[in-house]
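Order of writing sets the labels: A, B, C, D, E and F. Residues in every chain begin at 1.
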Amino acid sequence: MPELGKYAVEVLSAYAASLALLAVLILLTLRRGRAARADLRRAEAEGNSDA
Amino acid sequence: MELHVENLSLARGGVPVLTDVSFVLRSGQALILRGPNGSGKTTLLRTIAGLQPALRGQIIGAEDQIGYAGHADGLKAMLTVAENLTFWAEVFGQTDITAALDAYALHPLADRLAGTLSAGQKRRLGLARLLVTGRPLWVLDEPTVSLDTDAVGLFAAAVERHMAEGGAALMATHIDLGLTAADVLDITPFRAVSGTRAGASDEAFL
Amino acid sequence: MELHVENLSLARGGVPVLTDVSFVLRSGQALILRGPNGSGKTTLLRTIAGLQPALRGQIIGAEDQIGYAGHADGLKAMLTVAENLTFWAEVFGQTDITAALDAYALHPLADRLAGTLSAGQKRRLGLARLLVTGRPLWVLDEPTVSLDTDAVGLFAAAVERHMAEGGAALMATHIDLGLTAADVLDITPFRAVSGTRAGASDEAFL
Amino acid sequence: MTALLIRDLRLAMRAGGGFGLALAFFLIVVVLIPFSVGPEASLLSVIAPGVLWLGALLSCLLSLDRLLAIDFEDGTLDVLATAPLPLEAALSIKALAHWLTTGLPLVLAAPVLGVLLNLPGQGYLWLVASLALGTPALSVIGTFGAALTVGIKRGGLLLSLLVLPLYIPTLIFGAEVARRGAQGTDATTPLLMLAGITLATIALLPFASASVLRRGLR
Amino acid sequence: MTALLIRDLRLAMRAGGGFGLALAFFLIVVVLIPFSVGPEASLLSVIAPGVLWLGALLSCLLSLDRLLAIDFEDGTLDVLATAPLPLEAALSIKALAHWLTTGLPLVLAAPVLGVLLNLPGQGYLWLVASLALGTPALSVIGTFGAALTVGIKRGGLLLSLLVLPLYIPTLIFGAEVARRGAQGTDATTPLLMLAGITLATIALLPFASASVLRRGLR
Amino acid sequence: MSIWTYANPVKFLALSTRVQPWLWAAASIAIGVGLVWGFFGTPDDFRQGSTVKIIYLHVPSALMAINAWFMMLVTSLIWLIRRHHVSALAAKAAAPVGVVMTLIALVTGAIWGQPMWGTWWAWDPRLTSFLILFLFYLGYIALWEAIEDPDTAADLTSILCLVGSVFAVLSRYAVQFWNQGLHQGTSVPVATGGRTVADVFWYPLLLSMIGFALLFVALVFYRTGTEIRIRRAAALRARAGRGL
């Protein structure tokens, strides 16, 4: 851990906030993507069973 | 005046509704569209009126010919009957509204605010609007909803006069319009069959 | 369940519309109001539903008995068909909506947003709402507007089932509802004659 | 009861993200302030508490517009008026739903926007407290205004006109709390007044709203 | 063309006094300012030009809501779209009608309200000039926003969200003119910028609005 | 083979599944190395102390926030002119990424501002422009959400993006006119070279910027794929059960 001096709080919170925002974005993206894939698979299955 | 509709395919909300509708409508002719609820009559009429795009196919001769009356009437509750008509007359470059008032027996109501009319009176006003457009081709979506028998008679008379003057009318309805000479087009056979790739607007994704 | 309407006089926008309407409606009975446009059917139905006050006269037995369906359907475009029905069912203390979906063949549409329905499909949903109110007395203003023949049949069947179960229905309409056993009340004789002091709401100023 | 609440919340979420929009408007009003009065930090920090309250009030106001209007237009109110649920309860629920979708997000967002206007550090707590106490009154009073103007086409602006004078006491005490808090002086008296207004309106105003609405439906 | 203008003006007059209402809202926002930021005359006179501009902008904004929405709901727009009048012209006329019923009254009322906020004497002329030049842009931009949100239920707040960022340049230059005028410094540069924005939006934006509306009607 | 081949959703999906693993890997490596190097491996600035370390987040995110909007502008134009669905969906997919980048730039900037300028926020032109950009993003996303018909939504949001871009540029000038600021000028050498950051800070910064750009591209690819799948599922259902 580098010596951050009197600005430790600022620097760390900046990193924490940014990484958290990125993590949320990526998680939401992946979740929506998974849901879409699953739904598409379902839709394709329905189509095949009909036809 | 001739309207040619050729191989028209339509979608609503990304769902294919009708495929390959074709017909011709000539001066002096009235064509009644029939079909069960949800079969696509409104969609077809709006497309012909140019309010929404077709998936495929052609509409020839509709440009600037159409007087459209949909489910909503385009009336302002806070204007009187006469003011409403005058406004539409001016927008369509006409001046005289007495013929329209006469045709639907609206004279006694001429100075009433449109908002205080009953459902049927409103509808009569909405139909009178067509007479001030001066347009030869009427496109009507369930025109006689809420009308009583007398008013249906007025409507039939107005349509017949319009046809005699060389106009034409295209109407969707579920009930009898009282027109003596009108052709009927049942749109059920044109319904987009599920399972065909008939033409979703999202075809690119299939 | 009995609805007694006695010597009812009504005004709309300060103008007297109907005078001295009286009738009785009993369980198992259907009464159809007829009258030309603007004769006051909507006004009468709204008054009986308690939505506006009468000038004079009495309505007995209506309190908390009425399921009302007016010109507008009370549907939310952004809720699905099932959500709309469930909402109204809960408001009226009911739980089950399958009977209502069955009665109007709405199952295939259950997950569609109400805003994407066609005019007739919307109307079917509006009528289905009555079945989840659990109310014995239906008050309906032009219920079959926009419905196709099949749907009118569904409606007639629903009304007849309702009557068989001890309900009653009061309807205004201009067209044939397909009901086999219904009484008709023509309200034309009750129209307020202009020039009588029949009952303006501003009587105090006369 | 809960059916109505859930439906209103669901509609707020679906209809173009109703949840976020009052918030967005609040944000925008606050952002526009410096553009109009100029960017000086000292000036901004003086007017910050007042402007934040005013912004919250205006965003509340804007969203009132359709609190009842849509239900009126599509006939829902007619049916609700004939339903077993008393209209007073229905209107209280609608006010609650309105607060949950507009007032509450505003309360939560206010501190963040305080930063933009250089609100002094000690003011944050008081600002949040005053908004949390005051915004419910805004929703209830707004419901009354919406009931008054139901059925009037283009009622939006008329509604604002009717409601704004009714908002004045809430605004005065609310902004006073926030201002005193920011200056570090004692703010308990106005805070108590604010709480009193909120409780009284919640208890009494729904009756007025319901009786007004019954007449408006005619 | 004139038929549409006359009808819109007539409707504005009849529909619950549309003419006066934007004005009334403006009045009320200005009146609420002292309640929220406190009554000190010196503070008020500093923020006066900005607040007057912001108030004018918000009243414009509030009245946009129904600029096209009512015409959409009752089917008027469908018929207009099939009428011989090009949609661009129709929308320009509607923007003009909006300006005549809201912008113009605001311009005329602003000096009176300036008195309430202790606007310095030399600022009146500049305030009026900047509002007269800037409010037409607000109406035109607002028409674009209204066309974007036509057909969206509860579009009111979304409309505000979309339009407000577009209002920022106009607000900045307009308020800058008024502020510099009040301080007695030279305000010609921002005035020219303001005029430029107004002319450009009037000339170009109706095309965007019409193309957006055509798609929205589908 | 022209680039328009990839306007076909199937082709696009094929391409994006092929390149995505590489993109994600490269993005993680670049960001990881850049940030670790920056955080652990660079000295403190003599004036700003350890707060310089914020630069490795702040500048890349600010850069991507602007570029995301630019990309949306281009794809919107492509949609309006050539009507390739993938293009419209890519714009839709990019917007939330752009907001988050904008938010990161704003948050890190605010945190940085406290020690440097003694305030979280100042109405400096650069910061203000960013706030306005944030508002444009919000409006754009809200409009997408509010319109049901996907093609109409694509049309309207595209036009909003065009008009919004013009107004965003206009705002930038207006804001500069309104207030001259505190914020430092740009240090990213675009065409001419000349930079204001010392080499010790520059290389990790460069790496981090590349990383953010790669991450952006990866996210947009992934999200566009998601949107395509949603549309495809809807189209399949529409074709099968029309539910009448």
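As a working rule, contacts are C-beta pairs under 8 Å (C-beta built on N, C-alpha and C of every residue); 3 or more make two chains touch, one makes a residue touch a chain.
Going by UniProt, the chains are A = Heme exporter protein D; B, C = Heme ABC exporter ATP-binding protein CcmA; D, E = Heme exporter protein B; F = Heme exporter protein C.
Nothing here was measured: the structure is a model prediction, and the numbers come from that model.
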Handout entry: Least step count from chain A (Heme exporter protein D) to chain E (Heme exporter protein B), where 1 means the two chains touch
Key = 2
Fill in the blank from the handout: Greatest centre-to-centre gap (Cα means) from chain E (Heme exporter protein B) is with chain C
Exercise for the section: Would you kindly say which chain has the C-alpha centre located farthest from the C-alpha centre of chain F (Heme exporter protein C)? Expected result: C
Problem - Dominant interface by contact count, named by its two chains - result: D-E
Practice task
Examine where the copies chain D (Heme exporter protein B) and chain E (Heme exporter protein B) touch and state whether the two sides share over half of their residue numbers (same) or under half (different).
Solution key: same
Completion exercise
For the pair chain C and chain D (Heme exporter protein B), the C-alpha centroid-to-centroid distance in angstrom is 37
Fill in the blank from the handout: Cα centre of chain D (Heme exporter protein B) to Cα centre of chain E (Heme exporter protein B), whole Å, reads 24
Exercise for the section: Quick one: report the Å distance separating chain A (Heme exporter protein D) from chain B, using the average Cα coordinate of each chain. Expected result: 51
Problem - chain A (Heme exporter protein D): positions in contact with at least two other chains - result: 50
Problem - Shared interface positions of chain B, touching two or more other chains - result: 13, 38, 71, 78, 195
Exercise for the section: Would you pick out the residues of chain F (Heme exporter protein C) that each touch at least 2 other chains? Expected result: 132, 135, 138-139, 142, 146, 148-149, 178, 232, 236, 239-241, 244
Completion exercise
Per the touch rule above, chain F (Heme exporter protein C) residues touching chain A (Heme exporter protein D) in the complex are 35, 39-40, 44, 49-51, 53-54, 57-58, 61, 96-97, 100, 103-104, 107-108, 111-112, 114-115, 215, 219, 222-223, 225-227, 229-230, 232-233, 236-237, 239-241
Exercise for the section: Give every residue of chain C touching chain B within the complex, in rising order. Expected result: 12-13, 35-38, 42, 71, 116-121, 124, 142, 145-151, 174-175
Fill in the blank from the handout: The residues of chain D (Heme exporter protein B) that touch chain F (Heme exporter protein C) in their complex are 15-17, 20-21, 24, 27-28, 31, 34-35, 38-39, 41, 44, 115-116, 118
Exercise for the section: Spell out the part of chain E (Heme exporter protein B) that touches chain B in their complex, as residue ranges. Expected result: 2-4, 7, 10-11, 14-15, 73-76, 78-85, 217-218
Completion exercise
So, in the complex, the side of chain E (Heme exporter protein B) touching chain F (Heme exporter protein C) is made of residues 144, 148-149, 152, 155, 158, 161-162, 164-166, 168-169, 172-173, 176, 189-190, 193, 197, 205, 208, 211-212, 215-216, 218
